[in-house]
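Would you mind keeping the following structure in view while I ask a few things?
All chains are identified by letter, namely A, B, C, D, E and F, in their written order; residue positions are counted from 1 within each chain.
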Amino acid sequence: MNNPLSDNLEKLTDAVLESYRQDERTQRIGLTFLPSRSKIVEIIRLTRQVLFPGYYGHKILTDENLRLHVENLLVQIGSALTDQINQCLSIEHRDETSDGESHLKEAESITNEFLSRIPNIRRMLALDVQAAYDGDPAAKNFDEIVYCYPGLYAVTVYRVAHELLHLGVPLMSRIMSEHAHSITGADIHPGATIGESFFIDHVTGVVIGETAIIGNNVKFYQGVTLGAKSFKKDERGRVIGGFKRHPTLEDNVTIYAHATILGGQTVIANGSTIAANAYITESVAADSLVTHEKPKLHVKSKKRD
Amino acid sequence: MNNPLSDNLEKLTDAVLESYRQDERTQRIGLTFLPSRSKIVEIIRLTRQVLFPGYYGHKILTDENLRLHVENLLVQIGSALTDQINQCLSIEHRDETSDGESHLKEAESITNEFLSRIPNIRRMLALDVQAAYDGDPAAKNFDEIVYCYPGLYAVTVYRVAHELLHLGVPLMSRIMSEHAHSITGADIHPGATIGESFFIDHVTGVVIGETAIIGNNVKFYQGVTLGAKSFKKDERGRVIGGFKRHPTLEDNVTIYAHATILGGQTVIANGSTIAANAYITESVAADSLVTHEKPKLHVKSKKRD
Amino acid sequence: MNNPLSDNLEKLTDAVLESYRQDERTQRIGLTFLPSRSKIVEIIRLTRQVLFPGYYGHKILTDENLRLHVENLLVQIGSALTDQINQCLSIEHRDETSDGESHLKEAESITNEFLSRIPNIRRMLALDVQAAYDGDPAAKNFDEIVYCYPGLYAVTVYRVAHELLHLGVPLMSRIMSEHAHSITGADIHPGATIGESFFIDHVTGVVIGETAIIGNNVKFYQGVTLGAKSFKKDERGRVIGGFKRHPTLEDNVTIYAHATILGGQTVIANGSTIAANAYITESVAADSLVTHEKPKLHVKSKKRD
Amino acid sequence: MNNPLSDNLEKLTDAVLESYRQDERTQRIGLTFLPSRSKIVEIIRLTRQVLFPGYYGHKILTDENLRLHVENLLVQIGSALTDQINQCLSIEHRDETSDGESHLKEAESITNEFLSRIPNIRRMLALDVQAAYDGDPAAKNFDEIVYCYPGLYAVTVYRVAHELLHLGVPLMSRIMSEHAHSITGADIHPGATIGESFFIDHVTGVVIGETAIIGNNVKFYQGVTLGAKSFKKDERGRVIGGFKRHPTLEDNVTIYAHATILGGQTVIANGSTIAANAYITESVAADSLVTHEKPKLHVKSKKRD
Amino acid sequence: MNNPLSDNLEKLTDAVLESYRQDERTQRIGLTFLPSRSKIVEIIRLTRQVLFPGYYGHKILTDENLRLHVENLLVQIGSALTDQINQCLSIEHRDETSDGESHLKEAESITNEFLSRIPNIRRMLALDVQAAYDGDPAAKNFDEIVYCYPGLYAVTVYRVAHELLHLGVPLMSRIMSEHAHSITGADIHPGATIGESFFIDHVTGVVIGETAIIGNNVKFYQGVTLGAKSFKKDERGRVIGGFKRHPTLEDNVTIYAHATILGGQTVIANGSTIAANAYITESVAADSLVTHEKPKLHVKSKKRD
Amino acid sequence: MNNPLSDNLEKLTDAVLESYRQDERTQRIGLTFLPSRSKIVEIIRLTRQVLFPGYYGHKILTDENLRLHVENLLVQIGSALTDQINQCLSIEHRDETSDGESHLKEAESITNEFLSRIPNIRRMLALDVQAAYDGDPAAKNFDEIVYCYPGLYAVTVYRVAHELLHLGVPLMSRIMSEHAHSITGADIHPGATIGESFFIDHVTGVVIGETAIIGNNVKFYQGVTLGAKSFKKDERGRVIGGFKRHPTLEDNVTIYAHATILGGQTVIANGSTIAANAYITESVAADSLVTHEKPKLHVKSKKRD
């Protein structure tokens, strides 16, 4: 009996290796520095334990064991973060320096700065928790929100990834935001700017683009899009980026489910409310209530069919 | 060389600890009882093995090993469920009894009652599987449905969480439903009431609110929302809950993709069909076919641009 | 003290066993062959390591260790795939042969053929990566796309599952596609036909039906549906399948967010663009720009309320 | 470059397969029943948790959670034990029934009987713990003995394996005793008979043969051997077994380090003490103190060399 | 069919629970503090990574990553050690304080002191490595010794456990020493005192008692015992401890295989060598070479039988 | 409250780092190549699965799945072995080439040669299994021997390590032999030469030195030593190696428990038997039965005391 795989193994391997040689876009062979998606997800997991102590991490915390617990987490995060930031920086800068040079010093400095911002991230998240509690009549208490709400998870990862993007680690920030996207169904680009007390209810399908700006006390429902209005291409057919392509929402704005707001110059001014399914490409003045003419419904009795 | 992290560790830790002291909303320190999200997800995993024997759990089942297998699963679920229900009850009732007292007796009694309902849950799920088979022309057999269909997973977790909510463990039921939400993209509140033979096709983006009521033989497509029509706030700005805010669907109703139905008084009566993208805030009589006037399309040839 | 669970264990077990006897639709007891969802997900994980060497799998690859690494992966995939294909074939064909006979020979032959197609899958994926880079102004480089983009993951699993479906393993292909659905929120049926250089941005909520056909250089945004127009039932109430129910998109088509295109005879011809939220059930000529009349917005100042 | 392994894989595999065909003594291919050493070791681990509750198993036990905890362990042990006993019985009896028939009924009955003996095993082990405490001046308390003493571990596994041997599962009992041998350095054959209150100090190198009989209140030190005096061979050169080959020790006997006692007719009668390094092949009367003439020592000063 | 286990589960459980009630010596139910053997073994594993950096721990160390790596290990060890020392202290002191009070402050202080002694432990171990290299003609280099030599592992764990015993944690020190005993076959009591440059070759069966004292540059072979000469019992039959029961070896002593040296007053003075199998109960002057008259051998030719 | 660890972390780390700088003998920092003990133990585990198919590895083997199973194992072993041999060669040769150069080519060639020797190792092991069966009256069948006998495990690892030593990887061969030593208590140096049909009963404490030579059909009991007679030192005090220091045993020799045979010129000639505890430093003629005068025993009745 001939086993087809064993007969073919050499041939199959040759074909795969040949295919590696043919395309640089889908392989990373021979590089010294490579980030690890699974390690970056682990960094999120540990950071969430610092951000919400007691809620995550399997450990009953007391006043006595708290300091050691926090130190332990910070050192673990610090170590993993420094390593992965170094991988990210080194691979991203490899054009200039052939295969990539270690950027360990810079990675340590970014790690340090990031960790020092954790108290401020916690301050923001406490306001987000309060916003969820105030904004959802189904919320029974804070525990339910921190344990369950995917909107809070999406915003937590956004607030972490946003800091890392501003500290100069775009690749890591994007791996984080797409991880949260896969868990929550909300695609929040870490480049977006989001103010205090932000709440997304039901979350699935929300898209917030890279250059969107969102003020304080803003509330979203599922399926809301803050998108770009048009996509211009350069001469070789690549869509052009790098300018403000997504809308601005001022404070105290509410956007109901599946509303779509497009364009970098579009501003929804302070206190406005946008109805479900609205499609908006122009600015809206302060304190507006924007509804749209519902498409007329036709109700036909099947019985009479 | 000074390592910035080690120089800063004490300072960073102090800052984090200070931030813990400042906000009660994002920490659970010094409490004796705390549920574990990961253990509750494990309870779902084990319960699915009881609900769909042979399909899940890596074990070839025979008439001979079946009883022992089931006993083993029930004892495992019983033990984990009693523990986590106790954690949930004790933390939720901690306002009245300072840090929380053990509710073990009550937890055991709820666990027992829940396990006795498994045969009925199986009866309901068999009807859901049949509904999926009858309702999806792409379904080849029951195996495909039980192994693959996210709609069945969403409904399975809903049926489990719904029982637990009615038995008095709201926090656990919400952790379960949001877990299913993250896996399937369907946000079904465990407080909703859903009849027999329910099927959701493609599932992503479905939202079913806390007080929705759904009859028998109802079929949904992706992106359907059963939501609240308006959100009134109390004097301190918190949205008011506790009354029927989501619609009622009678038996034999079909809702096509992305339809939105809002309001606690809205009733879609027996046998009606709602077209894709319809936006409905009023009741619909029995056996109606509700379509909506499609927005007029403009077709322009780019070539002539 | 009587522990309620232990008193009840026999009774609870009896009830569960009785429920197993009552319904064939939700159990697989006494069968010799059963696929394992977790092993099939593991096959995807390993296959992704072959498809994107260096990006996934924790190993720094060099020219020296590459061949052995690839061989090792191929043998692992070959072994697991042969086993699981055998389980799938044997359970699917169990009607004809009582409890199912081993289909090992056939499984080996399919495995072999599948592995020989990997270079071509890689060729397609490289074009998909390029399409993502060209189509998304937020993309900074190829690394970001391969590490992060859920659209690429959805398409990767589609391209793998599509081959396996055509090689005669429908159950496995569906387990794979629904796994990707749960991770990405995009429900792409492996039966669909998708050409080169396909890109989906933001992905959540995309549905591509079993008989859809998509040409080269097509770009989707979140929430796009390629669906069936109507669902006819047979005499016993089951929806009828087996004919072309989903649309055809020719080359160079762009579909913006939440557009819905329905019907097996609907063709979007070469070079057309469909605007966000458009609802299309008729064919569109080549090079069309299809927009829809936006529902009129009502802007009311709240202040004047 | 040719990778030598991949060039050779088929050849290497052929050679290994050929070697499998040539020798039945070192392979078990094509058999339906095969015990698993790692699962049997796991059974020991779980059984130790039942035997010494609180000491092993990571769980703080209380009066409230105790019953459920024990039931859970018993069901786990019962399930694993039934399975592995079945494998052992079926492979051992395969000569009579070709490839082996399932012995599940018998395995269940043995499992049941074994579990019912656990309280008696615990009674014996409590006496062994007391004997260790009384016999070792370095023992500070019972905790130290149960957590640390390899002598107690060796006796624990012996007492479990001895029951299983008498219940008719010799292969499992030997896998267990050799596991304990590798951990403790004491080779106690499960066929030996050992009374109450047995203690071995330092344990390494102790050998207790299959037909040895040991009374109550016996104490051993490291390196003691209870062995056979001579080995007669049958006509084809195999050593003959099946008769009493190892000594008998009556109650209250102490054997100091590295003493060797040989022969099936050798009896060390009640209350005797055997000195370190003694080599005994004849019976010893009750209440004897057996020392041996120490070899004369020669002390030479190196300086004078 | 009745499954015997399930019929019996309640009865079996009752019997086991009854057996728990009957004996305090083999259970720890209802206690708040309990050390974990597996966590203490983990502490050894981590400590070995600090003691032999680069050799253990899967990480390529560089000057750049070294400080963070060490800090990370120290914080992990510090956290686990503080926890387990607290468990040990609290359970050992429970007689005085009913169920045991937390000794966290003391545990932290001991942890701190222990960690500060690591450099000195390393200094001692470097001398032990050198002694192994100088003393074993089969040793090729230091790598072989640190990676392989069980004698070095036994001494490493002894040096760690000895410090912890002196810092007041006897239970932990014994759990550690018996762990090393099970791995190496050498039973070195942590209470023994062992000087610099100690080497044990082949190690199996070595026993070094609690009150033994060993000087510098001492070398042992397998099976050497430093034991007690006699065991006096108190009125209730327990062997009496608490005084010096084991010998003293001065500097530069070599003890060949299986030699036995007994008694608290026995001193082997500086520079002496003890031959294999010697049995010594009296002191030996400095620079002695102690051999023993070999038992006369009888050589008989089998052929003439 | 000041946490002592956190106050001290920098100081503790400084002290540890300083200790690393002070001693080269106990650290491997800044090296590129380092073998991993745990990966080498894994290679043993996988190799045992190839050597005893069906017995180890959790997989029921059939004629159909056998080839793929073996190929999979060979590729895994090949990959791990090549990697670890490379690490070993590169670190051992680092004196000549500064920090060490990759020896991948050589590692591949050794791996290949080793794998080609597996059939011969299996042939030897089958004879060893037969020898155990013939030599131990307690052995019931081959299964008991392969599953349980530590003597077989010791010899298995010896036969593997011996090949690797001869192929030029001494460090790996020693890591393997000391791993087996810790499991079995038998210290067999991979440099020894051992013929066919070798069996060690009870095994604990056996020591077989580097230059020992053992013929065919030899049988050992526990505690047997084949050692060196004297240890000469060079001028700097290191014991001198590199010449034949351990005895030679010709075919058909039996050595009973705890016998000690020393010296490189000592030959136990064909067919001889050495009694337990014998101490031999001179050659023994063929077919001798060597016993020794037992030390006279003193039997004193305690009663008369």
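Basically, a contact is a pair of C-beta atoms (placed from the backbone, for glycine too) under 8 Å apart; a residue touches a chain by one contact, two chains touch by 3 or more.
Just so you know, these numbers come straight off a predicted model, no measurement behind them.
**Student:** Taking each chain's centre as the mean of its CA atoms, which one is farthest from the centre of subunit E?
**Tutor:** Looking at centroid distances, C is the chain farthest away.
**Student:** Could you work out which pair in A-E, C-F or B-C copies the interface of A-B, where over half of the contact pairs coincide by residue number?
**Tutor:** Interface equivalent to A-B, from the options A-E, C-F or B-C: B-C.
**Student:** Need the most distant chain from subunit B, centre defined as the mean of C-alpha atoms.
**Tutor:** Farthest by centroid: F.
**Student:** Using the average of all C-alpha atoms in each chain as its centre, how far is it in Å between subunit B and subunit F?
**Tutor:** Here subunit B and subunit F have centroids separated by 58 Å.
**Student:** Can you give the whole-Å distance between the Cα centres of subunit E and subunit F?
**Tutor:** Centre separation, subunit E to subunit F: 23 Å.
**Student:** Among the residues of subunit A, pick out those that touch two or more other chains and give their numbers.
**Tutor:** Answer for subunit A, listing residues that touch two or more other chains: 3, 5-6, 9, 13, 67-68, 71, 75, 78, 82, 185, 204-205, 223, 258, 277, 294-295.
**Student:** Enumerate the contact residues on subunit F facing subunit C in the complex.
**Tutor:** The contact residues of subunit F facing subunit C are 64-65, 68-69, 71-72, 75-76, 78-79, 82-83, 102, 104.
**Student:** Going by the contact rule at the top, pick out the subunit D residues touching subunit E in the complex.
**Tutor:** Of all residues in subunit D, those touching subunit E are 50-56, 58, 60-63, 66-67, 70-71, 74-75, 78, 82, 108-109, 111-112, 115-116, 118-119, 122-123, 125-126, 129-130, 133-138, 140-144, 146-150, 183-185, 202-205, 221-223, 257-258, 276-277, 294-303.
**Student:** Inside the complex, what are the residues of subunit E that reach subunit D?
**Tutor:** 3-5, 8-9, 11-13, 15-20, 22-23, 25-32, 34-38, 91-92, 170-171, 174-175, 177-178, 181-182, 185-187, 189, 191, 204-205, 207, 209-210, 223, 225, 227-228, 231, 237-242, 245, 258, 260, 262, 271-273, 278-280, 284-285, 287-295
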